[in-house]
Structure formats: structure tokens, C-alpha cells
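A, B, C and D label the chains in the order they appear, each numbered from 1.
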């Protein structure tokens, strides 16, 4: 019985990790930019959901579209206005730029929302089947996470914007020759990355406490998931998230919670060395 | 016949299923100037990459002055005097022309002090006629000048074997004559040269022997003029139809 | 290379820093110590980040391990100076070993690998409770002198390490190693073809960039008297150091020292006057730095800044 | 070589020197230095300290100041924000002592940063009072100038173990999960020691690292060990998450204790009905009824004064302990008779006084030795005191069979 519960815990957590990381992986894979703002976008989504729920009684699910629009707009503006100007610059430049921007947004949120941990609690209780007990809000979160990741995969595969993004990822110069406005596509990609982070924030507000202190931790998780799963590909983030979730869950059980994180990190380091493109990653950028 | 300077024994290199280089065996003797020709995608550059350790041979042996160097790394090849120029030019963009060549002198040519390396570099720049541009950044050079910079850089590495990978590609006819003149001067200094080339004019006027590569395999070897008329070579370049028509025209 | 004027001004600056105890209160002396400390870290980072062009975020791992090795050695009765030496060697060995692994990666992957090193060091040290005290932190034996004397002593120590880092930078810059590292930064494949043993050079560069960070860490532990995993492995520091080097001019010899001084002074000024917003202001400075000082304070070129502002480095810019 | 721009930086250095605030040090003001975390991770706790410091200063100055020997002198609290950054806390402590000439320093929140500040205080022989540092390791390096108003953790855990053994039939199995951070870790370890000493069986004992985002593994394991008593320590966000996951995974026990969770209002606000029945031990609670010296003679007087300022938010042990420390200082100054550091230190060492916060008497290592620390439980969305009997307001409720 125990093993089923641990596996279930791992898969649910893994789906949440995937949703948290997929936007980050997209921006890194396509724009070759490490977006240090990613954690703060998640927290922003979380706070918006919490305040809407607490002050106006708006159910988190209803908050998905507004948060999506807002974070997309912010992401698009940040990329088009700032990051685009240095997107071909070396790694250190873009990473430092997004780090500086993150400090600004972090400070704004800390002053605006204060760092006290807050949380939406819907009191949906839990359900248990064949020996595994799982809270409804987490299952809902997992469902949403998989849905969003699937939707993004569909957009990337089937929509014109998606094709353009993939084209730009494969060969920027060629894409430009085909009439794709690369700067615009970059801004859209960054916007989608921010949107996915915002939506992850909405889901997380129901499951985890929301506080600016966690933005660094979410960013760290996104790094690990991307390296394990592989860059720039939506399936990569999904596989990376699920694998990390399950590994941490089993490591937490067998080696004790103290070592769960260490095992996750060592897995990342091992993959970074053996297969930097990750389990599913395709030899894209770099 | 002294031991060959460079010897390849059934060297093969495959990427996934494709055998880019397929069982090539050949020899290069001291002081020779040998041409390596073949249609695009024949595996010429891959062969050079295997010789200089950029890729390791999947099977077969590479011997340089009798020593098995199959598993060597690029910098070891450079230090052994097995030097090459790049088909797509690879300068150090922000460094001056002088320092680009000094880098060759210092590492490939094993001159320790930076000052001495720069002195040696000046000589090589004189030799290739780039001295006036010594202090300009490499990124500011024209294509022809960059090709000469590649030459100067590999000369600074005191090469025993110099593999020139389409060093004339993209040059106009006047520039080609200049390059040709330079290649003769280098050969005159006793450097063994493997010339990877498409321009038959260059191949015919400089090389003593020609190897023909097609689909990764060595399909012919011999005297330049004979090679140009060899049916198999024409078929490789121009396709089976032309080879047939040529045969009829020559009334063979 | 470095002009006479540059060297003279740097010497003047070192004299000003060293004599702060004579004309300023302890708070200013303490700021001077922080300036010297960060200059040493930025100069050390310059070897791998500036010369070789490998964006390393491992500085705080070397600093933190230096703190702990120095602190643990001192607690075991080893005299202070020897403890610092042990810390330096230990951090150097660690850098060489880890370098051999992550230096095979390039660009973003290397950056992530270096951040992973920081996290692994922090996790190992915080879970190895029996030796490092884990989450409890570690008390390091204190110098029982008069506080002013302690401040002056550590000021001179940190300035000494800064000078050592400066000399290291100058030597590497003049030596074959520096030349080879710069070739690697410009075009690693071409460097390989030209005969540079890129793997060995990168590992030597990475180790040199770690050594003095270990010394700084050990000296810092002796100065502060208490270290714990979260403060010794602060992610903020590991990003600040490259930004300081960038601000001054990464890849030059004087740049990092100048950048560190400017950054610490600005941070003090803004932090003292704009309480709640100092982090946002610092962020704004970093963003402005990216656009208006692409080459850092040492080579201010409005032309290059204008180029970047007009989007010449954007994706659609003509090649 | 590009033009060298160090000259442009020289004016910046001069400006920095001018910036430095000149404080007039006079014997007629009792100055307290307060490095506080007003921004960054510990901002919440820093703001709590700041609020009670200001409340106390206003109240005391309104009453004409504190009496030192035969004189009444005003008090001044000098605050700086160290951004929850340890090294900067030390830097500020030094500035408070050397530039602002403060007589006493109030250490910041948390054991780690307290040690850094106290180390600086010790060097300058300026007494440091820690009102939010409770692990023995902080007071373990014989710093004669460091005094803490929180009692050692062991006092709390021994008392709680005894209380629970009395009130909970066949309490035998205890599961302990602690956060690997200075204070929460020492509480978890103290509980394990107390439980073993009392003959209880420790069926689960583990620490979770800083940065843990999910407790499913630990909570499931605790469930599997079916304990009678679950004891979890951590910061508010950890405990909110742990309580949620216990409910998610159907893990419970007759007694569920979370340390310093319920003592904070954010905990009960965030969890709502889930907080029901969770017990905790704390150093102080506003429903206690002590009477003593200083600006606030009774707990109720402090509680009402606080509600007026906080707009209805209840004070927690951080407010109580820090306000209690300041009230205790009034008594110390009266006995010291002067503002000299040594005199204040000696008066502090000899302190044995009753305050609205409870008994304060410092032991050999400078920690408050007060014994009967309140045990509290959330009952019907309110905090009830179960122990000590003298101020108990309710009996223990069993959470679930």
C-alpha cells in the first residue's frame, strides 16, 4: 500500500513541478534566455488569486483568464521593451538583466503584499481509492497542470504562432527570411512563459502558501526540472517534473526528508554531465 | 622509401547509420603536395576532422611519423605539426591580426614568451603579405585577407603537414592567383600539403598526386591530369549520364 | 595591458582604503573591509568569467566552503593564519575536481552547473551536522583584541587578499595562460585547433578563480565569529560578484576592483537613504548597467551603448 | 588604454563620508539600538519588534521617561533595517555602538542573527538583550553581555511532555518532525530528549531541509507510524502546509502540537477550521494574566494598548517577549543607577522581576530561567491557555481518536 501512496504523492507533485517549469523551459529553449523573473511571476499569480478570493470571493478557477492576460502582457512588454535588445548578447548579460528586473518586482511585491504567508483554502477535503488518499484540490491542481501543459503543447504544435515559435527556435535567421517577425515572436514566447508561470501561481495559491520568500525556491525547482527533462520542449518539462516529483517522494520516504532535495540535485548534476540535453531534450540550442 | 609522414589505414567514421568516411587508406610522404578532390558531401572535411582529432575514427588507424595518433585531441594534433585551416574561417574576432597569428606561434609552435611569439607572428604576416594589417581586429578583414590570416596562423604553428580546406573558396580569380603563389612558396619551404579543392585549375597547377573521394570512399588516386579524365571521377562529379556521353565523345 | 595612470590610481585607492581607520568611524572602516572583500572576490571571478568568458556563479560556493573549512580548522585549535591556508588549498582542490566535471559544459548549462555546485555545497554542509553544526551554525573562535584593532587587522587582511587577487590577474594577463584563456573566450574551437589544451587551461583558470575566494571566506569567518549555511551560501552574493565585475569591466585587470568599489558604495548610499526600496533601486541600477555601460566603467563607449539601445543586438539586427 | 574614470568615483566616496549621521552622545538620553529585519525574509518578525519598541518608547516618554538613580530621562530607540542579511546585522550593531553611542542593543529576530549582533556587543562591552532567541546554542559561548528573555526550549518541552502524560490516557508513541534551522531544530531535538526521558517511544524523528516545498513523504511516514502525539516545528508557512497535508493524507493523532504555529494569528487565519485542536507551547500568550513592574502593570493593559495600535490584530509571543524585555529594562535601570555599560550589565545579571510577560530571572548563561511556560490550544477558533493552572482558561481537548 505504502508504495502506491508514495508514487501517487510523487506523480501529483511532479505534475505541479511540470506546470511550474514549462514556461521557464520554453523561454530558455527558444530565446536562450534564463528568465530569473519566473519565480516572481508565479508569486504574482498567487497573490492576485488570493486577494481576489479573500476580498471579492472570486473562485481561483475564475481567476485563470485574468491572471493569464495580465502576466502575458507584462511578459510581452518586458521582452519587447528590454530583453529583446540584448537577446543575442552573451549568457551573463541576459541573466543579469532578468535578475535586476526580478529584484525590482520582488521589492514591489514585498512592499505591496507584505511577506506574510497567505493561502486560499477551499476545504474540498480528500478522496481515497485503492489504498491511496489524495486531497481533491491537489488532484484538481494536477489535472489543471496537465491540461495547461497539454494546451501549450497543442498550441506549439498546431497554431501558427506555435509553428512560428518552433521555427524561430530552430533557425532564427531562416525564420526571419520566411517573413516571421522574430522580435514579436520572441515577445510572444516570453509572454507565454510568463502566462504559464502566472497560471501555475493560481494553482499553487490553492495548494501552497503564497509568500515572496518562495519565489527563489520556485526558480530553483524550475532549473532542476528543465535540466532533468530537457530544454525548450514541453514534453521535456513534463517528464522532468514527473521524474523529479517521484524521485523526491521516494527519496524523502527511504532516506528521510532531510535528503530528498539532495537526491534531486544529485540527479540533476549527473544528467547535466552525462546528458546535458536532458532525458527528452532535443539537441537544440547551445 | 622512408616511412610515410602520414598514413591512414581503412579509416572509417560514421554518424549514426551514415558512413561519412568509409575505409579510407592513403599515405602522405615528406614534402609532397597532394590534392584531395570529390563532389560536395564526399566526406573531405570529415576526413580532415578525423585526422586532426575533431572526430575520432569509428574504426581504422591514423599514423603520423609512425606514431598511432587515432585517438589524439585537436590541440595534440596541432602541437605535433598536423595543422589545418577551416573551410569556414575561424579567427579570434576581437583580437588583432598579430595576436591571432601569435596564438598559433605560442601554442602550436610552442613559443612560450608572448613577446617572442609576436615576433614570429610578424614574420609569418610578412610572408603572407598581411603585415600592414597587423594591428587591425581580425573581424575587420575582407574574406581574402581572412583566408591569408588562416594561412599565416597555421604557418606559425610550424606545421609538418598542412591541410588547406578549400582555402580558395569565395575568392575572385586575382585573389586565387595570389593564393596559388602563396601555396607554392609554402611548398617550397618543404611543408607537406594536402590541398582540399574544387578548382581544377588550382589542383592541376600545384599538386603532384590527387586522391578522389566519393561517398566517403577513395575511388581513385593518381597523377592530376589522369584523374581529371578518369571516368569514375567524372561519374562521381557529373553523374552517370555525363560519364556515358563523355565516353562516347572520346570514342573510347 | 594597464596604463601607468591606471596602476597609480589603483595604488592611491588602496592607500585610501588602508587608511580609513585614521580618518573615519568604524562603520566606514567596516564598509572599506566589505569593499576590499568584494574586490578580491570580483578579481578572482574575473579569471574564469572575464578572461575565459565562462559565466560562473560558483563564487559563493568557494566562499562558503572557505568559511567552513577555516572555521572548523580554527575550532580544532589550528592557528588562524594556518587555518586560512588550509581553507585556500581545500577550496582550490574542490574547484579543480568540480571544474573537471562542469567545465565540459558551455554557456547556460555551465551557468546552471555552477549554481548547482552552490546548492550541493549548501545542502552537504547543512546536513553534515556532526562536523559543521548544520542549521545551528558554527561559532568561530574570536580575536580577543580591542574592537578597533580587530577592524584594522581585518581591513589589512582583506586588502592583502585583494592585492593578491590583483597581482594574480596581472600575472595571468601577461602570461601564456591569460593569452590562451582569452583565445578560449573568443572562439573555443579555434583555440583547440591552434593548440591550446582548452580543458587543462579552463580547469587551471577555474581553480585560480576559486583559491582566493576560499581565503576570503576563511578570513570572513574569523572576523564575523559565527557562520551558518544560509548566510555563507547566499545566492544574492553569487550574482552580485559577476555584476560588480561587469560594472567595472569584465576581462580587464582593474575593472572588477573598480566595479566592486562602485557597487558597494552605491549599495550603502541607497540602502541608507531609501529604506524600503533599496532592493528595487539596486535592481534598477543593474538594468541600467546592462544598457548604458555594456563594457563597464573602464571602457565607457556611448557608441556601443547606443548600438545596444537601438536594438542592434536584437534578434532581427542585421548580422 | 581607455580614459580611466576613477576620478569620477572620488566625489562618491566623499559623499558617503558626509552621509554618516552625527549623533550627539549625551548622558541625558537612554538610547537603545535596534537592528531590525524590516525587509527581506524575516520582515514580518522585524515589523512586530518595531511596533512594540515604538509603543513602549511613546508610553514611557509620555510618563516622563525612565528613572535612572534619582533622575528621570527620556528614552530613544535607534532603528536600522538589516534586510534579513546576517552580515549586515553585525555591521549595523557596530554602527549603533560606535556612531550612535547606544547604551543597550535589542538583538534582531532569530538565533543566528542574535549571535552575530551579540558578538559585536560583547567586543564593545555593550549589553545585548535577545527577546526572540531561545536555543541554548546562542547562549553557549559564555558571552557575559548577552541576556535572553525567552526561556530555554528544554523548559518548554519537559513541561509539555509531563502535562500531556497527565491529561492524555495511554500516551506512548510520539512522532517528531523538525525544520533544519537553528530554532525549530533545537525545539525538535529538545522534544525528542524530553519524550525519551519521560519513557515515551519516539516512533518517527526526522528533520526537513530549508527549501522543502512539500511534506507528503514525511506526513505519510508519520501516518504509517500511527503515533499518539505528533510534534512538528517550523516557520509559519511550513506549519500551514504540514497541517494541510496531514488533513489531505488523513494523518492525525490524539494530540497534534505545532511549535510557534498557533502562537501566530496568520496560522489560524490561513487554516481556519483545520487549526482546531492544535496545541502549542509558547513563551507568552495574551490570555495569560500576570501582574508586574513597568509601563504595562498587567497583561490586559498591554493587550488593550496593543489592540488600539494594531487595529484588532492580537499580539503574539514575539510582541510579548520584546515588550516584556523593555519593561524589565526599566527595573534594571532603576537598580543600575547609571547608564554605564558595566553597571547595566551587572544589574541585568541580578534581575529577578515579575512583569506582565511573566517571571524574568537570568541564569548563569544569560537565559531567562522562568519555569511554567504557557501551553495553549486552538479551541473554537480561539487560543485557550491550558497550563500553568494558575492562568489556565480551558482543559485539553483530544483532537481525534
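The rule we apply is simple: a contact is a pair of C-beta atoms (placed from the backbone, for glycine too) under 8 Å apart; a residue touches a chain by one contact, two chains touch by 3 or more.
From a predicted model like this one, the values you see are computed outputs, not experimental measurements.
Colleague: Count the C-beta pairs in contact for A-D and for B-C, then report the pair with the higher count.
Modeller: The comparison resolves to A-D.
Colleague: Farthest chain from chain D, going by mean C-alpha coordinates, please.
Modeller: B
Colleague: So which chain ends up closest to the centre of the protein, judged by Cα positions averaged per chain?
Modeller: Smallest centre-to-centre distance to the global C-alpha mean: chain C.
Colleague: Centroid of chain A to centroid of chain B, CA atoms only: how many Å?
Modeller: Result: the chain centres lie 49 Å from each other.
Colleague: As a quick test, compute the distance in whole Å between the mean CA positions of chain A and chain D.
Modeller: Here the centre of chain D sits 36 Å away from the centre of chain A.
Colleague: In angstrom, rounded to a whole number, how far apart do the mean CA points of chain B and chain D lie?
Modeller: Between these chains, centre-to-centre, one finds 76 Å.
Colleague: Measuring centre to centre with CA averages, how many angstrom lie between chain B and chain C?
Modeller: 44
Colleague: At which residue positions does chain A touch at least two other chains?
Modeller: Correct list: 107, 110, 220, 258, 261-262.
Colleague: Residues of chain D touching 2+ other chains?
Modeller: If we look for residues of chain D contacting two or more partner chains, we find 39, 180, 207, 209.
Colleague: Among all residues of chain B, which ones touch two or more of the remaining chains?
Modeller: none
Colleague: Taking touching chains as linked, do they make an open path (line), a single closed cycle (ring), a hub with spokes (star), an all-linked set (complete), or other?
Modeller: Chain contacts: none of line, ring, star or complete; other.
Colleague: Please give all chain pairs that are in touch with each other.
Modeller: Listed by label, chains in contact pair as A-C, A-D, B-C, C-D.
Colleague: Which residues of chain C touch chain A in the complex?
Modeller: Residue list for chain C touching chain A: 49, 53, 55, 101-102, 104-109, 111-113, 115-116, 119-120, 123-124, 127, 235, 239, 242-243, 246, 250, 276-277, 279-280, 282-287, 289-291, 294, 308-309, 311, 313-317, 319.
Colleague: What does chain C use to touch chain B in their complex?
Modeller: Interface residues on the chain C side: 174-176, 179-180, 182-183, 186-187, 189-198.
Colleague: Can you name the residues of chain A that touch chain D in the complex?
Modeller: Within the complex, chain A contacts chain D at residues 2, 5-6, 9, 13, 107, 110, 114-119, 121, 123, 125-126, 128, 133-135, 138, 207-209, 211, 213-214, 217, 220-221, 248-253, 256-258, 260-262.
Colleague: Within their complex, state which residues of chain A touch chain C.
Modeller: My answer: residues 28, 32, 34, 82, 84-93, 95-97, 99-104, 106-108, 110-111, 168, 172-173, 176, 181-183, 186, 216, 220, 223, 227, 258-259, 261-262, 265-266, 268-269, 272-273, 276, 286.
Colleague: Using the touch definition from the top, list the residues of chain D that touch chain A in their complex.
Modeller: Spelled out, the residues of chain D in touch with chain A are 39-41, 43-44, 177, 180, 206-209, 211-218, 220-221, 224, 236-237, 240-241, 244-245, 247-250, 266, 270-274.
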